[in-house]
Every structure is written in C-alpha cells, then in structure tokens.
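Just so it is clear, A, B, C and D label the chains in written order, and each chain counts residues from 1 on its own.
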Amino acid sequence: MKDIKLAGLSGERKRTVIKIGNARVGDGLTIVGGPCAVESEEQTMQVARAVKAIGVDLLRGGAFKPRTSPYAFQGLGLKGLKILAKARDETGLPIVTEVIDTRDVSWVCEYADVLQIGTRNMQNFSLLKEVGKADKPVLLKRGMYATIEEWLYCAEYILNEGNPNVILCERGIRTHETATRNTLDLSAVPAVKEKTHLPIVVDPSHATGKRSLIEPMSLASVAAGADGLMIDVHCNPEQALCDKEQALVPTDFERIVKKVRSLRKTMEAL
Amino acid sequence: MKDIKLAGLSGERKRTVIKIGNARVGDGLTIVGGPCAVESEEQTMQVARAVKAIGVDLLRGGAFKPRTSPYAFQGLGLKGLKILAKARDETGLPIVTEVIDTRDVSWVCEYADVLQIGTRNMQNFSLLKEVGKADKPVLLKRGMYATIEEWLYCAEYILNEGNPNVILCERGIRTHETATRNTLDLSAVPAVKEKTHLPIVVDPSHATGKRSLIEPMSLASVAAGADGLMIDVHCNPEQALCDKEQALVPTDFERIVKKVRSLRKTMEAL
Amino acid sequence: MKDIKLAGLSGERKRTVIKIGNARVGDGLTIVGGPCAVESEEQTMQVARAVKAIGVDLLRGGAFKPRTSPYAFQGLGLKGLKILAKARDETGLPIVTEVIDTRDVSWVCEYADVLQIGTRNMQNFSLLKEVGKADKPVLLKRGMYATIEEWLYCAEYILNEGNPNVILCERGIRTHETATRNTLDLSAVPAVKEKTHLPIVVDPSHATGKRSLIEPMSLASVAAGADGLMIDVHCNPEQALCDKEQALVPTDFERIVKKVRSLRKTMEAL
Amino acid sequence: MKDIKLAGLSGERKRTVIKIGNARVGDGLTIVGGPCAVESEEQTMQVARAVKAIGVDLLRGGAFKPRTSPYAFQGLGLKGLKILAKARDETGLPIVTEVIDTRDVSWVCEYADVLQIGTRNMQNFSLLKEVGKADKPVLLKRGMYATIEEWLYCAEYILNEGNPNVILCERGIRTHETATRNTLDLSAVPAVKEKTHLPIVVDPSHATGKRSLIEPMSLASVAAGADGLMIDVHCNPEQALCDKEQALVPTDFERIVKKVRSLRKTMEAL
C-alpha cells in the first residue's frame, strides 16, 4: 500500500482528531445515534430528543436512501434535510447524513455537518472526489465487498482532493453466513489503526441486522479499540420504513450507551 | 422477486432484442471488443481497425476509468470520448463506454452508443436513474458482490425510468479464490435467463483477469447460452495502462472470435 | 506451488489417463451418472439400467452420505455397497462411491471401482493418505471453500502415498450468491489444467443444485475443456431421500448426454 | 433449526458447564494456551511452564497437524502425546489436543483431556460420531466455510452419540479479505449463545493470523461474551514449525491474560 501517502500512518504523523461541534472524533468514544431514515418530522424530532437526552455526540438520519428495489421508500430528500436541520436547531446535535449524487454535494453541505458515503458508493470515485472538495468531514462506510486496502485507497481519494477529515466506518462485509445480515469484521478496527491515522467507528446495526446482537457487538467494538459507534434508533421500530429488524428503542439504546461509555473508561485504564 | 415488474419474464413478454447500428443484442451472438482504456488516439485507432477487421459488432473503450488508487491512470475523459467518436467514424462500429457520474450522462450520450455501468457503480442508484432517462442502451455490469436478485433490481431501476434497453453483463464475483481475478459465475447466465427477458453478455477478461483463460471461458459462455461476449483487446498488452494481464492481442482475439461464432452455430443446431 | 511435485505439470510429463473397466478418464469425455444416494435395490437397479442404456461410462451412487443433520438419511452402508455391486454385475458399469472413514477404505475397495472423497473431506488428510495406499482410482471433490492450490495439495497427498490415479472434480464453491446451491467455478477447469496433468470432471448437479441449470452448465463444462461430467439421476426425483431438487429423470439426462457428446466432437474439431 | 434437539436452547435447559480438572468451561473465563504444535519435549515443557505460571486453565498443543502440503511438518503423533502427558504431569494442566482419524480416538483419549476437532474436520461426520462415543469433552472448531447452523448440527452429531460435553470454538471464516488470515466472526459468539446452551470460546490466533491483532481481538471476544480464549504461545515464534506469524511470546501472552481477566470482571459488573 505504498500509495496511501496521505491516509497512511507514517513516522511523525499524529492520529487525526476531527472536531464537529462539541464532538471530537478520534479522541475518546463518539456515539452517533438516530433513525436509519428520516420518515417524518414527528418521527425524527422524537428520536432526536431521545438520543440527545441519552447523550449522543452526533445525530444520524438518512434523507437519501439507497434501496435494493426502486419501489422501496427512497427517502424524503430535501424535505428530509430540512427536518434534520430543525432537529439540529433544537438539540444542538451535529447531523450525519448520506449523500448519493455528485450533483447534491454542494447543497447537502448546507444541511449536513458530516457527509456519509454509503457502502454501495464506497468506490463511486466521482462522489469521493466531490466530497473531497467539500468543507465537511466525511464518514466513509466500507464497501460490503471491499478489502481494507481498497477502503483506505477510497479515503486517499478524498484526502487527495484536499479534505483531511475522513472517518472510516466498518459496517460488515458480505460472506456466506446468513445468520447475520453481514459479517462484522471487527479485526478491521485494529488492522486499520495499524495502517492509517484516520479514526474508525463501527456500525453494529447494519453489520448484524439483528437487534439482540447490537449490545454485545457494541461492547466488542469498544474493546477492539473503535473510536465510536453509529447505531440505528427508532421510537417504533416495527413501523420503521427501513431496516426495522435492527433499530433499537431509546431505552435499549440508553442502556448500551451507558455500558459502552463505562467500558471505554475501563479500557483506558486496563 | 415480485418487484421485478418490468425486467421480469412474464407470460406473453418477448425477449428483448436491442438494435445498435447493425448489431442486434439478444439475437445471435454479439461480440464487443476493444481496449480496456482509451490511452491515445494511435492505440485506440489501431485496436479499432483490428477488431473491425475481425468482425466485432461493437467497439468498447473506457474514457473514464474507475481505479482503486487515486494515483492510477484515471482515463482521458472528454478527449478519450472524441477519440472513440473518431474510431466510430472510421470503422462504423458503435461505441460502448463507461459513464461514472450523473453529471456526465447527457454529454457522454453525444459520443456513446451504449452507456456502460461498471461493477463498482451497479448500485449507484442516482446514476442508474440518470441513464434510465437517457435514450441510449445501457450495459449493466454485475456488482462483484451482488446477488442475481440485486442485479435484476438495478436493471429495474433503469427500466422504471423509461429506458427499456438494458444489457446485463456478468463479469465475475469476488470470492475466496485467488487463482483468478474474480470468479466467473457462469451459472448466472441461464439463471438470469429464467428470470428476465433482457439479454446477457459475459466479460471473461475481467472475470478471469488472465489471458490464457479467456478462450476456454469464452467458449463456455457461449455454451451456457450467453448472448454475447465483451473482451479486452490491445495491440501491446505489456504496455497497457490498465489490466495488462488480461488483454488479448488481435491474433489471439481473432482465433477466439472464429471459434465462438462456430460454436454458436453448433449450439443452435444441437 | 513448488511442492506440487507429483501432481504438477512439468516438462515431459504426459497427462494422466485412468483406465477403469472400459472407461478412460482423461481421454475423451467421461460421463458418470447415477443416484445421489443408494436408497434401495429397486431404485438403484432402475437407475443403473437407465443410465447404462443411455451410455454412461461409470455408475455413481452413495452408500455413505455425509449429511448436515445427524437425523437425515445417512446412507445404507454395506447394504448399499452390495446393491451397487449387483448393479455392476448386471450392467457392467464400474462403480464410483464415496468413502468417509479411514477404517472403511480397505473393505469399500472390495465393492468400489473408484473411491470418491466428498467436498467436506477434501482436507481430511488421514483419509487422503489412506486412499493414497489403496489400489483404486480416487475422485477428489473440491472443498466448497478450497482454493485451487489447496485442492492440488490434496491430490498431492494421495499421489505421495503411491496412488497415481486421481480424478479432480469441480463441484462448486460457496459464495454469497443464493440463487444457486453453490457457485460453479468453471474457470477452475482450464486453470487446473495449466497446473496439473490429472484429469478434471465437473459435477453440475451439486454445483447448481437446480435441475434446470444442469443442461447449460454441462454444455459449458465441456466447452471449458472438462474431461467429464458427473450427474445425479433418479427415476422419481420428488421421492429422492437426498438432493431431490437437482436429480434428473433419465429422459432429461439422455438428452443432455447426447448434446454433450455431440458438443465434445465439435470442440475437438474447432 | 428444528433438529438441534440436544444442542438447542430450550425452556428449562441450563447452560452447559464442563468440568475439566480444575477448569470449568462455561462458568467464567477459561484460558487455553500453548504451542500450535508439539515440536519437541524441550519446546513444549518450556511453553507449558510459562503458561502455567501465567495462570491458564488448559494447555493446548497439537501432536497431529493437518497441513495444506503433505511435505509440511505433520506433527509428532504418539511421541507428541507423550510429551503432552509429561507436561500435564508436571504442571497439572489438562491437555487439549487434536484428533484427526477415527482410528486414533480411543488411544488419544489416554493422553488428552479435551479432544479437539479442527476446522477442516468439522464436517467429518465419522470422526464426530467417534468422539461422540468418547468420554472426553470435545472442542469443536468452526469450519472456515461453515454457517452457524451447520456448526451447531455438528455439535448435535456429537451429543447424539451420548457425549454432552462440547465446547464450540470460533476461529474465523474464510472471506475475500486478505489482510487477516481469516475473518473472525465475533457476532457468532452472541448469535450462538441465543441458540445453544453449549459454551463457546474464541481462537484469535488462527482467526487473525497476526500477532499484533491478538490482544485487541481477545479483549473484543471477552466483551462479546465469549466463555474463553485459546491462544498460540511459543517461546521462539520465529523458529516455530507451524503458524509462526501468530504465536505470542509468554510476556505478551501474560499481559493479555491479565487484561482479559480484568475485563471479564468489568463485564460482569457492567
């Protein structure tokens, strides 16, 4: 990986810490929570208030949803972004939201605090170059088929355009196993940290696709050294328009947040 | 797959045949040949003349190259498209070329006869929607991680925007095997034909990544019922800027074209 | 693969041809047909007569069945072998049957003409060493997870014990694709032939797990250069105790045998 | 998985705790340490004393080594078992050692306290049935290609023969990722615990194949709820005859053992 010039770890280079509002990704444990999709103002505000009360650092929510079928809910688009902006206004939480089209990057930046690149777009190099020119941090999900090397090259695409603020997000890879939605490749956390100075968070919701596995895998992620977690939260998971099997209700999410924050302190003292 | 309304095979629906210049994809065996990347006018014209003489139906060549590393050759862009247009003018061969950005679709259409969607963009839904609005046929490569079901949904995205002319292209999936670049999933050819009326071609060059395997896998593709083949050809493979291990010189390509055309006739008589 | 001393292709070494009764595996196209499992004398004799009439070279049938669940039909064992011996007596067809325990090799040899090593036992090295000491040819199925390199090392284990007669059998590898039971890695046929002098046959029944895909993939296997085919045949597939989705009735099998034999002649003339 | 009658978790059934000497697998955190292979008496005794001093519960060491190449070190066999017995005599640590042949089970039981079934033999059903008749606990490694469902069926094979003492061992699955030797599927730990009452341990040495990843993945395993860890230890890793990239020296192993034991206490209090 001789070409990972900018993303690579080298002699004097310090680990990247990305400041987003009050959050500092790469310094301590950053928690990102919120709905998979922005479905309505009521649903989003309800979740936003809940995760704010629980003490998350960033609010996630998708206004553009890449869906397998063209007939599935595709997200609210601009309307969704406006709802997210309102949630930010009320809670003070910075917003993480996905961008899926090069043409949208400039105006999505008016609403987003962090631009998310989804797993299916990890090697959409045009989009990577475009967010590389934006002045917002980028959360780069790993392609479900990607090697760690390919993933780091995608970060390099962004850095090479001038944007130094990339957060890697491990969200599971596709394997033969069908008991989980994807296979969470947790070894990627320390493996990535040996190669890059960029922070890495884990998304146990999409990785496992199964509510009951999110707590143990959140704890495991922290023990493996992840810089943060991104978790789907919904007040009525069974009515969610997207990925309802994996969304947590706020009470469960709260328990997990307490445990992982406590575990993180232990890890630092170990 | 109840939602494959437009791409799905149903009672009275006939198999799609797509006319492109003199070629009829889905009726007989269509051969697409040409360089992986347009590197220069000289290189492209040389290959174009060679494959014309060998009797291909369509000329392939990439002006936009999605590359793992940002420091690898990224293609000539507009300049490359102009070279392809010149090759079409001289040889009369319609052009298949990749588009990688929603912003480019309208103007790439001025040069391309077929818009190619690459494996990394198979689920770039914004791009699928955009080419779905174009008036050019689309060659949709299978994602290296995609199931057949997901692939057909991507075709559905295009059809749902009004473009009925989609050619599927099997180009290998990613597996644990390292002896070949990808694993050519040839069973996908008959499996896809049981589910959709769209034509399907095979790209043995990218599937195997190995020159010596292209002849046997081209023959196997025809025997499995493929509607066509797309093969990398280069006059000086060892100097190719992209995928040099898999490009064929014209003489080898010619031998394969003769064999597969002969085999196709046998298959029809079997 | 410097250690593939015996199985590897080297300068003067000729391709191995294995004589089994009237069959010559590695010289022309060898067809192996028969039931997945020996279920009863009546069922086995019925299939044996049918495939003999169709002109197969070898009769397959399992007396020991490795099954995922301990509660599934495990095969008739010795009783099954006796039924196979009776089928051989009547039809003259040599018998291919699986052995799954080192303790069974010597006495199974009294009934079998070819010892089959199943996909789950490909790296059961004790068993490989034991069949390597036997005086019967071995049909070595590829592990569903194995690389070509690992597979050839397994052949080397057998050859290294003194048994030169190994037939490789590609039967599909496990991938993320669920439309087929396994993914038939047909590129393995020419890739293997570049590395070893041993013959290779394809089992499209287990590879695809789907009746309708067996004909196209049998044809594709022959076009790719396979030395033979091994196909499940059953007179009442819907009542088969094992793998009923993939067994062919004799009339369908007969049509395929005719086509592949005809195709093979074409291939030799191409 | 309706057929996991014995291994399955059901209403009143308690979680299995397996007593082996002073160890109680399934109750607290069990640490298994030792050399991948028994290479000599000196090497084995040296490691045995070291891991005893560090406080492991069980000593591992292979006398029969399933190796990809027939020309690689195959283990010392009986001589190796005698060395292990000597190590047990001196240290008091029970021995975990692999058995690879049905013919060996009865006499290996004279030396082993726990019979290990390796990843390549997970579906060697003859061997599973044989260890199912033995009066020693079995450590059943997951096949590198196996689904959780298939793995539990293999446990069921053993239980169904009368042996209730099965310890599952997650050791990584084979995927497209090449940065690690295998991909540790840590989600399998909580997923398995939802389905079976059997204890599950993790082998981070074989899963990652990389020394530097063993500490973070050991910690992650404990956080995910694993009942134990099995780790390769060698006093001179660079001279190890087997898997030298992953063996830890005693000082590193000691640090990890301290951390995981401390973490386990934290987890219980979380």
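Please note the rule applied: a residue touches a chain if its C-beta (ideal position, glycine included) is under 8 Å from a C-beta of that chain, and two chains touch if they have at least 3 such contacts.
What you are looking at is a predicted structure, and each value in this text was computed from that prediction instead of being measured.
The greater number of contacting C-beta pairs, out of the two interfaces A-C and A-B, is seen for A-B. Spacing of subunit A relative to subunit C, judged by their CA centroids, is 48 angstrom. Note: centroid distance subunit A to subunit B, computed from Cα atoms, is 34 Å.
Contact with two or more other chains is made by residues 145, 149, 174-176, 178 of subunit B.
If the chains shown are joined wherever they touch, the resulting network links each chain directly to all the rest. Listed in rising order, the residues of subunit A touching subunit B in the complex are 3, 66-71, 100-103, 120-121, 123-127, 143-145, 149-150, 153, 156-157, 160, 174. Those residues of subunit D that touch subunit B in the complex are listed here as 174-176, 178. Touching subunit A in their complex are the following residues of subunit D: 145, 147-149, 173, 175-180, 183-191, 194, 207-208, 210, 212-213, 216-217, 219-225, 259, 262-263, 266-267, 270.
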